[in-house]
Each structure stands twice: as C-alpha cells, then as structure tokens.
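So that you can tell them apart, the chains are marked A, B, C, D, E and F in the order they are listed, and the count of residues begins at 1 in each.
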Amino acid sequence: MSTTEQPMTPGFEVDPAAFRHLADAQVNVELDTGDMILNMGPQHPATHGTLRLVVRLDGERVIAADPVIGYMHRGYEKLTEFRTYPQVTTLINRIDWLSSFANEVPFVHAAEQLMEIEAPPRAQYIRTALTELSRIATFLLFLGEMGLQVGALTPAFYGFRDREHVLNLIEAATGGRFHPNFNRIGGLKDDLPWGWIAETRNTMKIVLDACDVFEDLVVGNEIFQARTRSIGIIPGELGASYGVSGSNLRASGVDWDLRRDGAPYLAYPDLDFQVFTHPDGDSFSRYWVRLQETRESARMVLQLLDGMPAGPIMAKVPRIIKVPEGEAWVETENPLGQMGYYVVSKGATGPFRVKIRSASFSNVSILPWMLRGVYVPDVVTILASLYFILGDIDR
Amino acid sequence: MNALAVEIPWGVLLAIKAVVILAVVPLGALVLGYTFLLKMMSHMQSRLGPMDPGGFHGWFQLIGDGIKFLQKEDIVPDEADRRVFALAPTVVVISTFLIFVVIPAGPRLQVANLDVGVFYALAVSSLSVIGVLMAGWASANKFALIGALRAAAQLIAYELPLLLAVVGVVIQAGTMSLQGIVSAQQDGAIFGWSGIGNPFILTQFVGFLLFLIAAQAELTQTPFDMPVAESELVAGYMVEYTGFRFLFFFIGEFGTATAFAALAATLFLGGWSIPGVHGTAADLLGPLVLVLKLMAVAFLMFWVRFTYPRLREDQLQALAWKVLIPIALVNVIITAIIKVAI
Amino acid sequence: MLLNQFLILAAILFGIGMYGVLVRRNGVLVLMSVELMLNAVNLNLIAFSARLQETSGQVFSLFVITIAAAEVGVGLAIILLLYRNFRSPDLDEVHQMKG
Amino acid sequence: MVAQNVAFGILALAMVLAAIGVVRTQNVVHAALYLVVVLAGAAAQYILLAAEFVAWVQVLIYIGAVVILFLFGIMLTRAPMGDLEGLNNRQGLPAVVATLALIGTLTALLVDAFSDQEIVLDAPTPTADIATQVFKVYVVPFEAVSILLLAALVGAIVLARRD
Amino acid sequence: MADLATLTSRITDALGDAVLDAGEARGTLVVRVRPDAWRSTAETARRTLGFDYLSFIAGIDWMPAPVVGLVEGDTSTPAQPSDMTFGVAGSAGRFQVFAHVQSTTQHAGVTFRTDVDEADPRVESWVSVYPGADWHERECWEMYGFVFEGHPSLRHLYLPSEFEGHPLRKDFPLLAREVKPWPGLTDVEPMPGGDDEAGEEGAA
Amino acid sequence: MAKLPGLIGGLGITFKTMLKGAVTVQYPHEKEAPPTRARGVIALSEENCTSCMLCSRSCPDWCIYIEGHKEQRPPKREGGRPRSVNILDRFDIDYALCMYCGICVEVCPFDALFWSPEFEYSEPNIASLLHNKERLGAWFATVPAPEPLEVGAESGKKK
C-alpha cells in the first residue's frame, strides 16, 4: 500500500502544452481524456504506401499531426546526374507510377527545348492522348479508392476494373503497362499499332459510363457526402502558398490549369476543353473536380483521335544525344498537379542537375495544417482526397 | 418439447440440442460467409471470387481458411493481458451461441421456448460487447483500444433502437415468446384474408427497417463498421488476433449475422411458418423455410454492407439518438394505439 | 432449496461489497463494490419473492437495477470530473472541494 | 431439487470467489470482468428462483450496460494497463475485521430466523404478472424511477461536460 | 502569359537594388538576388508582385563532380566538363539556392536565385512568407547542408536522422555506381598476338 | 430520369453489376494474351550478337553481363587475311535488376535483342532470375512479328 502523497502514476501524465493547444482546436465539448500518440504507418492501409503519420490524439480528435516521409526515397535527383538522357526517362517513369507517361513528358520537353528541336505534330498528338489516358487511369483509381477509404469496398473494384481498359490501351501502344518509357527526345519510340484508335474510342465510352457509375454510387451517396463535405478544407490562397496544385487547388476555387494557362505544350492549344473548379475546397469538392476532369479527359482523347495528323513521329535527332549547355524549366499539368523539371545541362550526354518538382510533395506538405482538429476517420478521408503517390512525394 | 414424435430421453435430447446449437453457429457463419462475403460480394464487384478450392465455385475456400487458421501460430503480444486476451474471442462466440437457443425452426424444433424469448435474445447479444472491450483492452494496442471503445459506444447506442424496433412486434403479437410471435404471424390475417398469414413486415415495416439498421450496427457492418474500419484502424479490436482466436471472431461475426438474420426472419417474416402448414409437416419444412427467409434478410444486410461507405463515429451516434430512437418510439406509440383501438 | 442459502450468499456478497467500499481508493472500484452490495439486496428480494410466491419482490428488484444503472451513470460522471480536476481517479486525494 | 442445489452451490462459489476478486484484484479492468461473473451468477440465481424476466433484465442492464460503462470509464481515464499498486488504502485489516463481523452477524441472524423456510417452485413467473404489478400496483414508483433516470441522465451529462 | 521583357522590368523595378543579375532560361525568367535580400525578395514577390504560388525551393552545386572510379569509354555515365561554369544568371561561388514562384492569376512565373557561401552556408528562410517552403527547405538542408535561418525545425525529411553527409553535393559519391564494376570491363579477350593485350581483364 | 436518393441508386448499381457477371479471368486456367508490343522478356538471337557491349553499356542498371573472346577464322576468300571473330561466352540478363526500359533492344545495332510478350518466368529464388544466353535464346521463338501501324503512320518504319 502506498501513501496518499504519491504522485499520480505515469500513465496519467499529460503534457499541459498539448492541452493548451487542444483548447484552440476544440470545437465542441466532450469528455476529457488523456491524449495519446498514434503512429499511422509506415505500413498502414490508409497511407497507401509508406507514409508515416505521427498523430497526437485527444480521444478521437487530432491535435497535431506530423507526416514522416522518406521511406521510399530513391534519390532520383542524384541518380539523374549519373545517367544519360535516354536513361533518365526510365527513372522518372517511376516517380508517379500511376501516370508514368505524364512524368516523361516534361523532362523530354525540357531536353527538347535545350536542344532546340521539336517533336512532329503527330508525336505531339500521341503524347497528349497518352498523357490524358494516364490521367484517366490515375483518376479512375482515385475515384474508386476514395470510396474504399471512407468504407465502401465496391467502388475500388470498379475503379480497378475500368482502369484496366485504359492500361490495356497504354500497354498496346507503348509496351509497358505502368512504365511506358515511350517518349524519346524528339518524338516517340514507335507509332501507334493498328486498330488502336478504334479501341480507344470504345474505351472512352466505357470511361464515361464509369464516371456515371461513380456519380451515382459515390458522389450521390448521402453517407459519402456526410463524410466528405466540409472535411479538410483548403483555402485557395493558403493552398497556393503551400504549393498545392492540380485538382486539389482547383477544388479550392483557384482557376489555374497549366494545360490552359501555362506555357503552351503538347497539343493542348489545339484542344477545346473546360477547366473545372469548385468553390468549397473540401474533400468532396476534390472528388467532384477529379470526376469532372476524368470526363473532360475522355472527351479530350476523343478530340485528339479525331484530329490526329499523319506524318512522322520522330524529329531529326543525333544518334548520341548531347544536350547543349543551358537551363530549362518545364512544368506540366500532371494528374496529381504541377510536375516540373528544372534541367541544368553542361553539354554532356547526361544532365548536370535535375530538380524534380513533383506534385504530391507539395500537396502533402499542407497535411500538418489540415489535420489539426479533425477526427481520426477524417484523417483517412483527407489523405485519400488529397490523392498522393508515395513515389511522387519521396522521389 | 421433444423434436420428434418418438419419446427421447431427457439427457439425449439435451445432448442433441447442444450439438445442434454448437453446429449451427459455425455452419451459419460458413454459409453466410461463403454465399455473401465470397460470392455475392465478388459478383457485385465484377469478379468471381474463389473458384478453385473444392472444385465447384470454391466452396471449400472458407473451410480451408478455417483449417489454415487452426494451424497458425497463436501469437499473443508481449504487453497483452494474456488471460483476458485469450478469453475475449470466446465471450464473443458464446454470446452468439446463446442467441440460437430461442430461435425456433419449427413448431417443436426449438431448444428452449422461453416466455421472454425476444428479450432474452437481445440481452445475450449484448454480451458480445464485453468480449469486444476485453479484446481491445487486452491487446495493448492503441488501434485496438480505439476500435473497442468505438464498438462499445456504438453497440450500446444501437441496442436501444433494436429493442424498440422489436417492441412493436411484441405489442402486435402480444407475447415475447418467439414461438408465439411466429404463430401470431402464421395464423393472423390481413383484413380478414388469411392467405399468407400476417407477416409483421407488412404492419411493422418501419420496425423492420429499424431492426435491420440497428442489427447492421450491432454487427459492426458497413455503414456502421467504424470499430473495425480497416482503412484507419486496420481491424480495430481484432488487430492483434491471429490463428484460431481470429477464427473465433470471424465465426462470431458471421454467426451473429446469421442469428440476427434469423431473428429478423422470425420477427418480421413469420420464421419457419408457411400459412396453412401445421404439425409434423411444419417441423420438417420449417428449418428450410427459416433458412430461406434468413438468407433473404441476410442478402439485404450484406447488399448494404458491400455498397455503402461508413458513417463517422459521431454521425452514427447522432443517427441512433436523433433519428432512429425517436422514429422507433413513435412507431411503438402508434402500434400501441392501434392495438388498443382494435 | 432453502431460503437461507440465498440469504447467506447475499450476506456474504454484501459483506464483500462493504469491504471493497472501505478498502478501495479508486473511485471506479468503489462504485463496483457498491454494485456488489446492490446485487446482494436484489438477491434477497428475489429469494423472498420466490418464497412468498409474490411478484412484488421482482418488481422492486427491477427498480433497484434501474436505480443502480442511474447511480453508475452519475457516479462515473463524477469520477470523470474528479479525474479531470485532480488528474487521478483516487478518492483519497479528494480532500479538498476546489475545482 | 438436487440438480438445483448443485447448480446453486457451483454458482454461489463462483460468485463469492469473483466478488473477492472484485475487491482484491490490483487491476481495474480485471475487477470489472470479475464483476461480470458475479452479475452473471446472480442472473443465473434468479433463474433458479424462477424470476426469468429479472434475470434477463440483469443481463441486459447490468452486463450489457453498467459494466460496459465501467469499462468505458476505466479506458477513458486510461487506467494503466498493467497491475498497479495503491488501489487500496491502509484500512485493510480493520475492514477485514468489520466485514467478517458483519457477515457473521447476518448469518447468525438468518440461521436463527429463516432456517426452516423452504422455497418451492412450480413454474417460472409469467412476465405478464410482473407487468401487471408494475403498471397497476407500482405505477407511481415506476414513474418516479423514470423521473429519477431522466434526472440521472441530465446530471451525468451536466457533470461530464467540459465547459 | 505576360511577355518576358515586361515581366523582367516589373520584377527588377519592384526588387530594386536587390537584383544582381537576370537571365532567361528557355522562356523562364531567372533573377539572381543578393543573399541578404532573399527573404525580402519573397515578400515582394508574394505581396507586391502577386506570385502567390510556391513551386519549389532547391539547391545547386556548380562544382563539377570529381571523376572517381569512372572508366575511359564509359558511355553509361555521362562525363561532365571539369571546369566550373555557372548558370544563366551567374554565381559568386559553388552553391546557390533557387526557387520558383508563380502566379495563379497572372499565369506567370519566375525563378529566383541567390548565392550561398561555401564556408558558411546560410540562407534566409522563406517559411514566414510561403508556408510551403517548410519541406523544401528541410530537403535542401539535408541534401546540401544549407542552413535556413528562421526555419522552425530543420529536421531530416527523407534520410534517417543519423545520416551523415549531404548527398546532392557533387563530392558525395554515388556508391551504387562505384561498387559495381562497369560492364565494359568484361571485354573481349585479346587475340593471341593481338595489339591490345594489355589492360584487359577477365570476368567480373 | 428522376433523381433517386443516392443510397438506393447505389444499391441498384451493385445489384446490376452482380447480374452482369465477372470481368476477371481465372488466371492459371485461362490467360489473357498481352499485346504484341508488351515488354515481357528480352529474347536473344545469339548468332546476331557480336558481343559489342553496346547494350550492356547503355543499360541504366548495368544488369547485362557479357563475356566473349576473339577467335581467328580462316579467310573468306582464298589468300585473304584471317578474320578475327568475336565469340560470345556469356550473355546474362539479371531480371531481378532489369527495369524493362528496352534501351538495350533499341541500341542493338545487329538485331540481336527482341522483346517477347511472355511473362511467366517468375522464380522462387532471386538468383534464378539471371537468365543465361541459352534461356534468353529460348525466348526467341516467342517473339511476335512486327504488327501493322495505325493509319497516318509513316510507312516502312520498323523497329
């Protein structure tokens, strides 16, 4: 038996600072309980990858969150300095592995700018079509996956099912399902195989149908709306200053799409497409914007197929590629947001310095701000709605 | 109360009953797990599910899984409270077994025809909460603890609408005995027409919906599966369980689903009864009829489970207290008024 | 069955409950001991009801159960409040009534 | 009657041991679980005494709600998971003496007063009888208990709110 | 897109004497500013010029990589020129920090660049201006060893906290390329009496 | 169509899908044919290889191991100089390292390397993923003929 003067047991000890903080985050009154640190990840189903989230909880409410990244860091910026230009494209395929083709475009574009060559129009059209296809593939996965993260298992399978058609197209054209490595400096590796255009038209119908399914099954679902509306709001201005880009920023009402507003690239100037924004900035609007963009991408692919010019797919390029000295910054609107390469060349066969500006890195850097004061289940919703790829964060 | 016309000694009968109860839970878990979890869900997701084990449509898959679980190493976390940890799955499963004691499968096919049958079933079903809390606490795992707390809060909250949904049926039947409720439906009449008896789903449709919703919550199934939400809590209170202990939880989950489906079938669809069939014929057909009705109810429950996302903890509490309970109370009052008036 | 076997069991349970109330420092445990005593009372009520073939005892035991539930609800709320103010569920530390 | 007496003996032993567990264990959660055993034992005793409805009320309310509340309270206040010292105060010995004295006195009294009384049961009490009693004879206490419950509800919420 | 000349004059006017040099990198404006005006540059860019979007902050090491373990005729590893040259806006020394900011409304962007002293690599932090600079500066700190003054917590971002060295500096060797022999070593065996008998080796 | 409540509409979708049947393929029993271009495995035509090392050097992973030696061959024409020929002793591709980028296939000046869409060569042991030249040569039989190109492509352009 111990004395009454004994201090309380260690399990009851609470950091007073955490409680001051808690007072700010508190929205409604509830039972007072001690706070606890929860480690979500690096192996956790919600982080779809090896993101670790150290969350300090009071009951079910997050009072602070710290994302720990780097479990997949592969050091691509260093590796590119030891590779030749054609070899670099195989590496950067693996940054955002869901839309690998779109990763290749800005790098190849940067090299082309430095070498002052331009890919022929047919190559530009095919590149654009494949970029949009990879955007569709990425978003279809998101549309299903987001359902999974808020508890609906079935949409995830629909997402995978319909994405498969798109991946088949990419594979038929490039030979690689996930890592096409199809871009060459000055053009493309190969032309499209026979029958590809007709097949793509059919698939775009499937994609548009799939969007309708998601509209009914997920967006229209009252429970889904209850789970995502006004959860994880990013104010547009704050999002921009964090470098949040792409659909995440457009869902916060910022009307900014590099396909339309950036330096003209690929065949986008020839296309007629709409940029969707949503004023709310919450998880629901991010889902909604991506759903609309998937539809729009399918329409863009159809436009590209209609206007596909004939001709060569490769510009005249020396056999051994040496890029003249110079610097180039090329940014593109990738499925996950702004993807850019700052390429510094010193005239060798490989780049001197490549700064890879990947979208997810900045998109995720806003997490500590967003997660303050939300419930644990909403952590998952927010993570899913931001839609990041670990390779794109860690590079 | 013997099952067949022949006289069976008391002890043998007890043994038969015990064996039936012991068999029906794993069997129910197996059938529901296979039909709905493996096959229906797969087809809803444009796939076939397991096809190889056993040759025909993978019927052996779950049995094989069970055998696999039995072979697995029994892992207990270092920090765990070993005794409580070991006991928890048993508590959950026992609560499932106890429910089946009162569910009738025929006029004489019942283990015990309790005067307070419905009440008993709902009372013992609440025992599983203890098992869940034990599991979550003893695992010495934060995910498990959060899951268990969520589960307990949710199960307590939804016990009320569950009970209140049944009250309407009890008022209409005038008895809490499940046999009494079944015969009230079998022999009842709708506006004087007794062609299909009077299944209470017609008069107590609100009650039926409430019962299904609350049962869904009691089973911690989507859209009320926050306690086991795999995308955030991994598997909630089950996260540290492996091998046969996990198997217990699995049997508990699907066994309880069977039990609730059977309860709903009995309370709202007339249980084993077919209008006009009595006596030994009903004893022979009863189990089959009950299983068919049970599967229909289970189909509804799993259909919802595989379609919807899950509600957040505070939302599902709000749903229980602010929507379901008031509706249930109104339903009870209206039923009582009509009962008294007629 | 003798009436006394139930009554003596109830007496023992009541005694154990009282011991708990006297000895325990943790508020939750004190409440549990009180529950033991209430159960002993219930057992008495039911036993007499069975002996007298009278249902009043059962009715009162129902009331006792209800009141016990209410008591636990309020009791736990108080303990949570104490815990919040004193950072301990220990009743012996609560010798001052300041919040 | 023999079977019932055997059942009583087993249950009584389990209940007493579990009750001692409740007051002696050094682990708060274990105490709550021991309490479950006592309560379940009591429910079984009620069934022996033909009070079926009360038995299931006991299971539903006590085990299904009260103990859950206890466990909830324990887990919310994050009682340390392992065993801990200092759950008991220093009045152990006097308390034992007082307890034994109480039990002894009561037992002596009971033996003296009721040793010839026997319980004879034919059928379980019909629930309808209890209902009639509650709603006819004891309707005022019933309403009073309802109001008490409401008051307790309000009180608990007021106490536990943080504002 | 505003045209480059207008943009240049707008920026140089707003920044005044902080600008050391300006250049063009294939359509993108690069402005080199004084190190002590690094944070004020960000403030001007965000508040006055309306560059509300932070694209990235990164470091660069202009020193050529020392050629270690590379073999004559290795075409798989590009050999860089061995003399130190600087980018379009020049540099005072080996290290520079560069950052790209953009405007979501004017659809324009600019790369700012400033020099970092090799002996005492200190840079002003941008976190107070662009909160998104947090992670970028942490990355830059661990990759180059630049200390961002005013950054709330310069912790490791990618690498384990016990990691030593700054991997993106050019003198940090890429071990993967050095421990594995270059495939060209396992070359064709010389002909008896051939002219290239020396210097060839056998199996790897 | 009138807007149904989302909860009921969702149920309709899953129910319809359930009736539609599966889209999956029961893999070991039935197989989907990958497209002709699929980069499944690299096949080696040994007689075309001159062990020039180009593929090995251009590999981003350095996962191609080549050894060879030179041999004297009698001159083709009577009285000519004896030719020296490169003989391939070893040609291994380590598929545990390979990134399937296809650079080696492209740089090969003598058409010795080809893509085959075969993919079923997983191994329980990582070391067994090192395919030697016999194994790589065996894949050669599975190399498909080049497929026709889409309308508008410049004709006559092959690999």
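FYI, contacts are C-beta pairs under 8 Å (C-beta built on N, C-alpha and C of every residue); 3 or more make two chains touch, one makes a residue touch a chain.
Values in this document were obtained by computation on a predicted structure and should not be read as measured data.
For subunit B, the chain with the farthest CA centroid is E. Centroid analysis (C-alpha atoms only) places F farthest from subunit C. Counting C-beta pairs in contact, the pair that comes out ahead of the other among B-D and B-F is B-D. Rounded to whole angstrom units, the spacing between the C-alpha centres of subunit A and subunit D is 58.
Separation between the centroids of subunit A and subunit E, computed from CA atoms only, is 24 Å.
With centres defined as mean CA coordinates, subunit F is found 75 Å away from subunit D. Centre to centre, using the average C-alpha position, subunit A and subunit B are separated by 42 Å.
Looking at subunit F, one finds that residues 7, 10, 13-14, 17, 23, 58, 60 touch two or more other chains. Of all residues in subunit B, those that touch two or more other chains are 44-47, 306-308.
Looking at subunit D, one finds that residues 53, 57, 65, 72, 76-77, 79, 81, 86, 88-89, 92, 160, 162 touch two or more other chains.
Residues 1-9, 11-20, 22-26, 28-29, 31-33, 35-36, 39, 42-43, 46-47, 49-51, 55-56, 58-59, 61-63, 65-74, 76-81, 83-84, 89-90, 92 of subunit C are the ones that touch subunit D when the two sit in their complex.
Interface residues of subunit B facing subunit F in the complex, by the touch rule stated above, are 40, 42-48, 51-52, 303-304, 306-308.
If you check the complex, the residues on subunit D that touch subunit C are 1, 4-5, 8, 12, 15-16, 19-20, 22-23, 28, 31-32, 35, 38-39, 42, 45-46, 48-51, 53-54, 57-58, 61-62, 65-66, 69-70, 72-74, 76-77, 79, 86-89, 91-92, 94-96, 98-100, 102-103, 106-107, 110-111, 114-115, 117-119, 121, 125, 129-130, 133-134, 137-138, 141-142, 145, 148-149, 151-153, 155-157, 159-160, 162.
Those residues of subunit F that touch subunit A in the complex are listed here as 3, 5-7, 9-10, 12-14, 17, 23, 34-39, 58, 60, 99-103, 106, 115, 147-154, 157, 159.
Of all residues in subunit E, those touching subunit A in their complex are 1, 25-28, 30, 46, 52-56, 58, 60-61, 64-65, 75-81, 85, 87-88, 98, 100, 104-105, 107, 109, 111, 129-132, 134-136, 143, 156-160, 167-168, 170, 172, 174, 177.
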